[in-house]
Structures are given as structure tokens and as C-alpha cells.
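Two complexes come next, and they have one chain in common, subunit A, joined by subunit B in the first and subunit C in the second.
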Partner chain A sequence: MADAIARASALEGRFLNDEGITLVRAEPATRLSLRAPKTAVKSLSKALGLDLPQRPKTSTAKDGRAALWLGPDEWLVIDENEADLVGACASVSAFHSAVDVSHRNTAILVSGPRAEAVLNAGCPQDLSLDAFPVGACSRTVFGKTEIILWRTEKDAFRVECWRSFSDYVFMLLKAAARDR
Partner chain B sequence: MPQTFRIASVGRLDNADPVRFTFDGKSFEGLHGDTLASALLANGVHLVGRSFKYHRPRGMVSAGAEEPNALVGVHRDAARRAPNVRATVQEIHEGLDAVSQNRWPSLSFDVGALNDLASPFFSAGFYYKTFMWPKAAWERVYEPFIRRAAGLGEAPDRPDPDCYANRFAHCDVLVIGGGAAGLSAALAAADAGARVILADEQAETGGALRYETGAMIDGIPGWDWAQAVTAELVARDNVQLLTRTTGFGYYAQNMVGLVERLTDHLVSPATDQPRERLWQVRAKRVVLATGAIERHMVFPDNDRPGIMLASAARSYLNHFGVAVGRNVAVYTAEDSAWQAAIDLKRAGVSIAAIVDCRPDPQGPHVEEARRLGIECLTGHAVTGTAGRLRISSIKVRPASGGAERSIACDALITSSGWTPAVHLFSQSRGKLVFDAETQCFLPGNSVQDLTSVGACAGTVDLSETVAEALKAGHEAAGGAARKLPKLSADSTERWSGGMLGAGEGAGAESTAKAFVDFQNDVTAKDIRQAVREGMRSIEHVKRFTTTGMATDQGKTSNMHGLAIAAEMLGKPIPEVGLTTFRAPYTPVTFGALVGHGKGRLFEPVRRTPMHDWAEAHGAVFEDVGQWKRAWFFPQAGEDMHAAVARECRTVRQSAGIFDATTLGKIEVVGPDAARFMELMYTNPWQKLGIGRCRYGVMLREDGFIYDDGVVGRLAEDRFHVTTTTGGAPRVLNHMEDYLQTEFPDLKVYLTSTSEQWAVIAVQGPKSRDIIAPLVEGIDLSDEAMPHMSVREGMICGVPTRLFRMSFTGERGFEINVPADYGRAVWEAVWAEGEKHGACAYGTETMHVLRAEKGFIIVGQETDGTVTPHDAGLSWAIGRKKTDFVGMRGLARPDLVAPGRKQLVGLRTRDPKTVLEEGAQIVADSQAPIPVPMLGHVTSSYWSENCGHSIALALVAGGHERMGETLYVPMPDGVIAVEVTSTVFFDEKGERTNG
Partner chain C sequence: MLLIHCPYCGEDRPELEFRHAGEAHIARPENMADMSDEDFERFFFIRSNPKGIVYERWRHIHGCARFFNAARDTVSDRFLTTYKAGEPKPDLGGEGA
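On to the complex of A and B.
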């Protein structure tokens, strides 16, 4: 029997550090696509140790675990310590759907003073700090793909996309980074 | 050659900063800051091109974006050859290489100018009248001729090597135009704390202050004020000031398209620097400060090089320090041209005469001109010009009639007044209103959040302009609570007077060429002719004469054309109408619109985790939607046929390993999951046991097959649904649509897991032996895990959803593992497979093997008109079910009528003949044409395992035709086929357990 296999990222070796902009692939994480009506929010929040955000474009984060509001009954939960998120929700009996999407998504960390402008090459949203403050998140588009954009710091974003689109997303970010 | 028309004492360019460039191969010197037009004029060059239709010599008309004439090619290198660049906009840089267009063999001697002599034959509507008959001549004679003659300039024949950028932006106030109005508005908006974007098409802001020497703002000359304000705005955090940026399109909800030119003015831009940047700006409020465009006078032979707009002559003089001639004549119907004459005279240029068609113009400028000793011929008209490649004289006579007199000159500057640039306002869907007093179309009611200020709104007085712009900027920024800012402004400039239409000597009786539209060579006579021939709407006049249809969109000409048509029709201008203003305001490159979306970024290319392995093992790939899928794995010396035959054989003899990752996957979760599945698929699901799988068929409301796939039940409330590769997004949308709109009471959630799982199909008699050493915690025996079951466990130390299922008819498994583990698990499976002589196989072999078993592929056997009954899938419809999507559709009379096309197998009489997919099928090969067609071949392959060709086909009444001989007529002969069952191999289906 083989030893446990390490995760192989679709973005192995991809990196860009240019004036005012850095693109790095995020470390492996576990992810949960969480769907639930209001009635289950409290117990799920408790099970996950994190208050599921209730307002559009907001997120909550604690100790490497974050919940991103994607819709009135939809969250993306990310755990950078690769904790078992499905297991965490298993005890909740209220109606909900917790589906493991740890490998469905991959993430690129976009940071630097030019991060906002580089993302605006493909994302039509207003990313100014007033409209998209630290902690804001949104399922949106980047060029011809869907992404989930999450502002983690003033000059730092996490771009989540489906695994097979990550090559396109990285290349488009790189092309946009040339536009100084 | 020295810049003999440069006057050192005027203008703002630095005489110590020369720039060398070439035009038509000849080397010239200009100054840093020159446009190609100003630099050529500094060298006394007016002739820069030949007109489109008549090949008449032409020179610069304007000093800006509205230029109709001075279109040149600019060549940076072999691939960068931009045609139709306006010389009045292109900035020169060291080594700039420009060429004239539409001439052969040379600009000064052009054979095409014969068209001018033949012009009676090229009148309005020429194309419509001439190229009518005979019909056959279109393809061979007319079209090639027109194509050769059509178009200006030469498109580059190599791919564009430049890159282009895109930027989405948001702001509180977007100001288009950086003249006195735009700068004032931006300043007020910025002061009120708004996020402001200001775009100006020129290299520097300032607008008309560039040449209006009589303007004072805030106590300093207008131009100096403009530069000071610009510096102030640039320094602010809340302002983005974009020069060389044209607002070209105004779209819904205050989305405005801007294009910023980044490198065309640079000597040697970095290779990775974008050439242009497209801005898609969403503004809370837009302030349009786009100014006005001067019109030329319409009179006979008004198109010679050296004839240009008065404001252009002032720009060249006051900004660039260039005199457009040594002895300049003026022909005007309004006041600002007088000021141009005065400026020229003061700079030492001789003024041949000022001809004003108004009987008695008054004002300080008239007095000043007379004081300077300029001959002022009021109540006169210019009725003709002379000079072959450059104007040499004008003919002048009193407007009331009388003797004609010739006056020598080397340039003629004209003005018939100003047309407000309402293009963007009109694009915003705002209504234009004709102002009878000023004879202008002005912005009426806006339908978007925008304000027009300054000359584009019909305000010509500088102090009024500044005041209304400050107010607009202030209010747009929501600065109501604060005090409205004030700026003193005062100007001696006058813009009053003006006329529309043809002047003396170009009246209805005239056959002279008095040009209205320079770029498309449309004369006053052409427009009159269009009306005589029955055109009543200006839209028809435009299309018949092509006036206003060139790349300048008639910026200088439309109002003249309209006035002439109105006069002919005896109607007021607003009743004749106005042609539509369409984006773009000025030409925009395809590159800017495409932006990053070319080459590898044209479309996302999706690859599976096992892609690189397949590539390393020689796979040939095919595109399936955005996915790259391994098509077949040729070994040394194998062609596709040999590779597929080997793969097909190996799978049935031993085993094959196949990357099925691209299949769509949807997790259906919730207490009502089974009920929801019952509604979405034809099959019954309530009684499907946990750990069991079923092949599901999904219909549309109309009863036709929409998708199919194997579904596994993981728990009472959880299904793992698979879809076709191409169907993944639409099937999820379809399900979500029904869930939200038809069945919102069901407690179910849908999640796409297509990319969560890498899928490795292992198919063939040895499949269990291959995976057994790798699997943990799952009993793989037939008793414990029969065909069509699913188990969760571990493989290679990672979690798996292991399906026992088969799309080949063999014993088979599909190993689902989290995608990041896909490659490693694949390699482990491959290592085991090699011990058993297994092969990797691609989509082609997959297609052949499933066809041998008669399994359909949605989209190949089905085309949106095939029911489950037609496809032989009646068994997949739950007989006891009372509802599912498509159930009522299936009962429609036409869907149960006899004679429907049904899926059958075909065997060719000659076993080696492989039918062509899509080939038609007939009952009687001898029947007269048109032969009634019974259907067509949907799939056809050589089957190595059967030893003969196989085909699937949709044939009318096919299920009743078993054993019949039908025919497939092909260009090289008729192929006889026998109708058979769709199952060609292992008819009893024993091998899934073999």
C-alpha cells in the first residue's frame, strides 16, 4: 500500500513578484460549500466555531478558518489548517448541505499596492476600500471565469477559482500585472 | 529641410528640442510636442493624402480628432502598420515613419485622380445604379473591382504583436473633456470630495484654451490656468486624470467606454507595455464637456490643400508656433475666424483678405482687423479656388452678384460656425433639441445621470461656461451642503454668427464640387441629387450619398448635409431629422476592445489533473468544450486507426484506464433529495438502495432527452449525480431553475462537485485485479459490490468514492478521488495495470466501445428532438411515476405517433465499409430525386472487437425495420446496409460481471 499522497496543486511552481504586485498560489486548504436556511445558521456557526456572516459581501474569520457569504443561504468555508470541515458539520441535525469542495477550488493570493488595479483588469466590481473593505468577499467574474474574491488586507486579496480555471486566472493576472 | 513655417516667437514648443521623422520616405524635422500635422505644416507641407473616391489632393483640415482628410499610415515595424491615422492626432517621435495613402505611384502624381475627371459617372448612388446587371457579373467583375477600390490605407498583414490592457473603474463623477469647462467641473467635484475621473483626448488638457489667446481665468491666461489646475488635480488622491484618452461610447447605467493611448507617441515602448488601455467606467454621474467642432464653408473647390478651419490655423499658430501659410486668406460666416486672422497678422503673417458672407459684421475684432490694415470684404463670397497641389488663389465676388476677382494666397482658413459635440449625449439616449437661434442641436432631457456643460451644451461665453461647469461638478459630487466654488473668467473671444449649408456659387444650379463631406467625397450637388431622386429622410440621404458615413462620421459635415437636404425639401431642419450618433466617437482599435482576451487568454483551456501524464505518454488531445481530453494514445508507428484498434482490443482482452474527470458532477443533498431526483429524471429513485447506482435520463419539459448519466446514492439524503462533460453547467442550471421556481418547497441543495473529483475509469476483465491491491476498506467481490454500486473507502491512502459501473460493457470501475490526488492515484493504477497488460485509452476508444454496446451519447445520438422511446430507453422511464419534467411532453400526439425516427444499428453489407457520420438513409436507392430520406447515421466506427464496421442511426420507424435493407447514397456510390439491434457486442451483457 502506498504512503499517503501529498496534494498536487494545479498551480505548482507558479509565482510572480513584480513592482507593486505579487501572485502566489495559496497553501492547500480544506473547503466546504455550505448551504443552509436561516434555521440552521446558529447550530452550524457553533459547530464551525465561527459566526456565519449574514450580510452580503461580508466574511468572518478566526484562526485560519473563514466563512464567506455568497448568498442568503450559501457560504464558502475555508480552513487553512486543513481541518475536517465536513466532520465539523456532521453533528448538526438541522437541514443543511455540507459538501467538501477542498479540491474543487484552488486559490491565488494577490497582494501589493497594485493588487486592486490588477484585479480590475478582469473584475468589473468597485474594489475601492469604501466599496470593498477588508473582509469583503464576492462571487464575481474575472475575465471569462467565475471567481470568489476576498479582501484579506488593504493590499491583499484571495482569489478562489475552480481548479481547471486556475491556469487561465493566473495567466490573466500576470498579463494584467504588465499594465503599469 | 528647415522648419521655415515655424515662428520662434509664438507657440509653446521648445525650439531646442527637435525630433526627426519621415513622411513618404522623406526626412523632416519637427519639435517635441508636435503632431504629425503641425510638424508637416512647419515644413510647409499641406498635401498629405488623396481623397477616397476622386483621388483629389488633400491637406489638413483641422487640428484635432474631427479630421476628415489627413489620414496617413504610420509604420513602426513590419507588423505595426496602422492605417488611417489622423495626422492631426498622431504625436511625432524620433524616427516616426508615416506614409500617405490612396495614391499610386506617388502622392503628387496619382493615376487614380482620373476618377476626378470621370466624376460625372461617380455621382451619388453610383454603386446602386451601376452594378445592377447582369447578375453573373457581380461575383467576377463588380465585387472584385469594388473590393480593390474600397477602403483607405492598407491593413497590416501580420498578427498584431502589441498587447492591450483593460481596466474596470468606478467613480462618483466622470468628466469627459479637459477644456475650461471640464477642468472647472473636475475641480469643483474634487473639492467636494468626490472620486473623479477626467479624460481628455489630447496629450495635454486645455481644449480650446490651446488657441484662444483672449481667455483669462482666475486672473491668468486660460492656457496657464488649465495647466495649473491640471497639476493640482493630478496631485490629488481622489482624481484620476487621463490624457490621450477618448470617451468613445456611452452605454446603459452610466457605463462609459474610454480608450487611453499609451505608447503610440513613444520612441521605443517596452515590448510588454500595453499599447492602449480600455477603461470601462461606471460613473455615478457624468459631466460632458466635449466642446464644439468648427465647420468649414461649402463653396466650389473648397478641398484643396491649404484650405483649413480657422480654429485649426489658430492652434497651429498659438500652440505649435506654426504659420499655415505666408499669405493667408479668410472666408467666414462667423466671428471667431476674424480673431484667427488677427492672431496671424500679429505674428507677422500676411492676410490676403477676410471674406465674410455676412453683409455687416460688427464688433471689436472687425475694428481691430481694419486697424491692422487687413482688407475686409464683407458681404462677399468665395466662389472658387485655384492651385493643383496647393491653393494658389481664391475667386471672390459680392454676395449680391457682380464682378469676380481673384486674390492670391497660399492658404485659406474658413469657418461657418460651431457644432456642439453632442455625440456622447446622444449615445446616452438623451434627446437632442434644435435651437433655431443658434442653428444647433443641443442636449435636451437626459435619460441618464449626466450634465452637459460649456460649448457642447451651447454655452459659448467663457465666464458662463466656467460658472455652469463649477456648478455641475459641485452638484455631481453631491456637494450641495458646501459653498459653490467661484472662479473669475473673462474672454474677448466671440463665437457668434455662422451659417449652415452651401454658400454662394454652390447653389442649386451649380455643378461645381463644393464638398460637404471631405472623407467620403460628398458634394452639395450629391445631396441635392439624392433629394431629387426621392430620398426624403436624412437617413436615406446619408445612405444614398454616404455622407457622414466615413470614419470621421461627418463631424464637420453632417449639419451642412442636413441643411442642404432641408432646403431642397423646403422643410425646417428638425423635420428632416438627424442621423443617429453611434459609438465609437472616433475609431477604436480592435486590439483595445479585445484587451487581454487573445492568444492563450482568448478562452480558458481546462486540463485535468492527469493531463501532463497523458501528454508525456504521447496522447493526442481533442477539445471538448473548454476541456482538453486525451483522444488516443498512439504508440511508435501507429496512426489513429491502429492506436484505437489496439486500445479497443486491449480493454476487452485485459483492461484499459481512462481519464473521465471532465464528466459533470452534482451533489444533491437534503431530506427531499430522492423526491427531487424523481422530478428531474425519468427514472424512479425512491427505492434505489444506499450504495447503489442507476443510469438516469433527464428530459426537458417538451419530452426530449436533455442529458444522461450515472447517479449513485450515497445516503438516504445524498446523491452523487454525473452529467455529460458538455452538459455540466446547463444541467446544474436546469436543476437549480426547477428547484427555485417549480419546487421551492423541497428541502434540497445542489452543489457542483465536477472539479472536486478526479475520475479514473478502469474497464475490462482485469479491472478488479488492477485496483484491488490499492483499495482499502471496500469489499470488491461481486456479492459485496455488484455492478452499478458505489462505495466510499480509501485508495492509495486517500479517500475515494468508488463506482462499479461500465460504459464499455466490461466489468468496470470509476475511481473518484479528490482532484489534487488524481495524478498520483492514476500513476499507481497505471503501475498495477501494466502488470496485467492494460493500456491507457482516450475518448475515441471510449466512443467505439460504447457504440459496440449501443450506449448513446447525448448530443451525438440525440439532437434535441429525440425522446427516450426513440432512443430505445423506454425502460428508463419509471412506469409508476406520476410526475417528472417532460412527462406531459412525452404524451404529445406527435411524440407518440408512428413513424418517428428511432435509434437502430446498421451493418454495412461489406463489413469493411465504414459509413460517414451524418450520411442520409433512404429506402430505395433508385427512387427519383428528391429521394425521401428516412434518417441519418449518428455514429459510425470500425469495430476491431466485432471484426466489422458498426453504426448507429436514427431511422423513421426504425424499431419496426429490423433486418430490412436500406441504402446510404454517397457521392461515389450507394452503400447497402442492414438494420440491426443497437447492441453489436456481448448482446446478453454478461461481460459486466465477467
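On to the complex of A and C.
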């Protein structure tokens, strides 16, 4: 019997680098599902050290921490330095809900000149730069799964998905990348 | 694919992001325990299901997750307008039933 069970993270070993497209597993990060009414936005922004975006499809990012607008009272906060986000919100007395979803989600970084086309194989949204500029983010669908799409650069997207769906998302991206 | 205007996101989004959520503007009775079975049946089960303009609830479930209302033509499947939950039925001019 094995003395220890090796812990493998989702998407371990998955990688694709093809002409004009790169798929990489994102490094582990802490994530927060944040729900709050307008009255709490100011104090939460202060506690998290970045302004929670108020307009649809927008995000704010600073020093490896980002807040993505998901709905009128809902945000996804991602911290790539694995900071304690729940702890940061704990001091806020205004009514809100902050749930740690670090291990619920995982992310795939899709980059390269063909990134847009590859994502559009499963995502029905208009991803042209006019409609989905750098910094834009949205919860949407990719094939049969729900994802949160965030355009970090002109040719780079972060695809957040539930970790149990991550194999499916990666395989579908890979299949789409083969198709040219 | 249909494009549906989400009043919360403020733009047209593909229909795959949405889910239908039944007829709109059905007020939940406040005296449910005192209602007759017939009245309860009418509230709970009976829907108008007309041919033409319907007012429906929709949910942008794979987007902002908000419920909103829409006026849709069941013949052409065309969305005439969408509006936020809680807002009154819009005036559709000549097109409304």
C-alpha cells in the first residue's frame, strides 16, 4: 500500500503550443466569489485594495489581483499571489457575502494571434476587439460548460472554469486549435 | 442564433446564455392558505399560452444571472423588447396585444 497519495492538481501536464496558439494551465490563485449591494462596494474596494468595477463586462486589476464584474452585485476576485482574500474582506462590516472558491475554479491561459478564433469555436460571444476590448470580462458558455472569460491582453485570454470541467474545456480548446 | 438584449448587461447576447423562466407578471397571492383549490390551480398551473405577443421571464443564467422580463412574439420568435424585473409592462404601441 502506498504511504502517501501524490496530489495532482487539475490540468497537470496539459500544454499546447501550436502555430499562433498557446494553451497553458494558470498558476494556482486564490479566488473570491463576492456578492454585495451598492452600499458595501466602497468599503469592500478599500479592503481589497482595488475598485470593484461597476459597469457590465469590465474589470480592474492591480499587482496580480483582479476584480471581474459578473453581475450587478456579483464579482469574481482573483489573486495570483495567493493572498488571503476572505481575510481581507473580514474587516468590512457592511453587508456582503465573500466565499472562497479558490479550489472550485481553475484557469487556462489562451494566447496567440489565433486565440480569438479558437475561443469562438465554443463561445458564441463576439470577441472582436471592438466588442470585447482588453480588460473585458464576462461569464458565458464554452461548449457545454460555463466559463468566465477575461481578456488580459490583445491576444491573451484567461478562461476560468470549474475544475471538474477543466479537462473538457482544455480538450475542446485543443480540438479547436487543430482546426484551421 | 438569436441575440437577446439583457437589460442588466446592456447589450445583445447569444441565446445560449439565457434560460426561459415562465410567464411574467403573475403576482403571487398573499392569502395562499385561504384560497380555494380552483383559485390555486388557476394561479399555479394555468397559463395563457397565446399565439402572438407573450410577456415572459427570462434569466441570463450564464451571464449576469439576473432575471428580467421580455415581450416575445410566439409566431415569429422575435423579441420585441426586454426590461428589468419589477418594471411595468412596456407600451408596445401597435405591436402589443
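What we mean here is this: the second predicted complex is superposed on the first by the 172 of 180 C-alpha atoms of A that agree within 3 Å, B and C clash if a C-alpha of one lies under 4 Å from a C-alpha of the other, contacts with A are read in each partner's own complex, and residues count from 1 in each chain.
One rule holds for everything that comes next: a contact is a pair of C-beta atoms (placed from the backbone, for glycine too) under 8 Å apart; a residue touches a chain by one contact, two chains touch by 3 or more.
Predicted model only: the values in this text are computed from it and were never measured.
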item	value
Touched partner set for A:Leu70, first subunit B, second subunit C, both or neither	second
Touched partner set for A:Pro56, first subunit B, second subunit C, both or neither	second
Which superposed partner A:Leu129 touches (first subunit B, second subunit C, both, neither)	neither
Touching partner for A:Ala90 - first (subunit B), second (subunit C), both, neither	neither
Subunit B versus subunit C as contact partner of A:His103, first or second or both or neither	first
Touching partner for A:Thr140 - first (subunit B), second (subunit C), both, neither	second
Subunit A residues contacted in one complex by subunit B, in the other by subunit C	124-125
Residues of subunit C that touch subunit A when the two form their complex	1, 8-11, 13-14, 16-17, 62-66
Sites on subunit B touched by subunit A in the complex	163, 165-170, 195, 272-274, 277, 280, 282, 595-597, 600-601, 603-609, 626-627, 667, 669-671, 747, 749, 751-757, 773-774, 776, 796-798, 818-825, 828
Subunit A residues touching subunit C - in the complex, by the definition given at the top	56-57, 70-72, 74, 124-125, 138-141, 146
Subunit B-touching residues of subunit A, taken from the complex the two chains share	1-10, 28, 33, 35, 73, 95-105, 117, 120-126, 128, 131, 143-145, 162-165, 167-168, 171-172, 175-176, 178-180
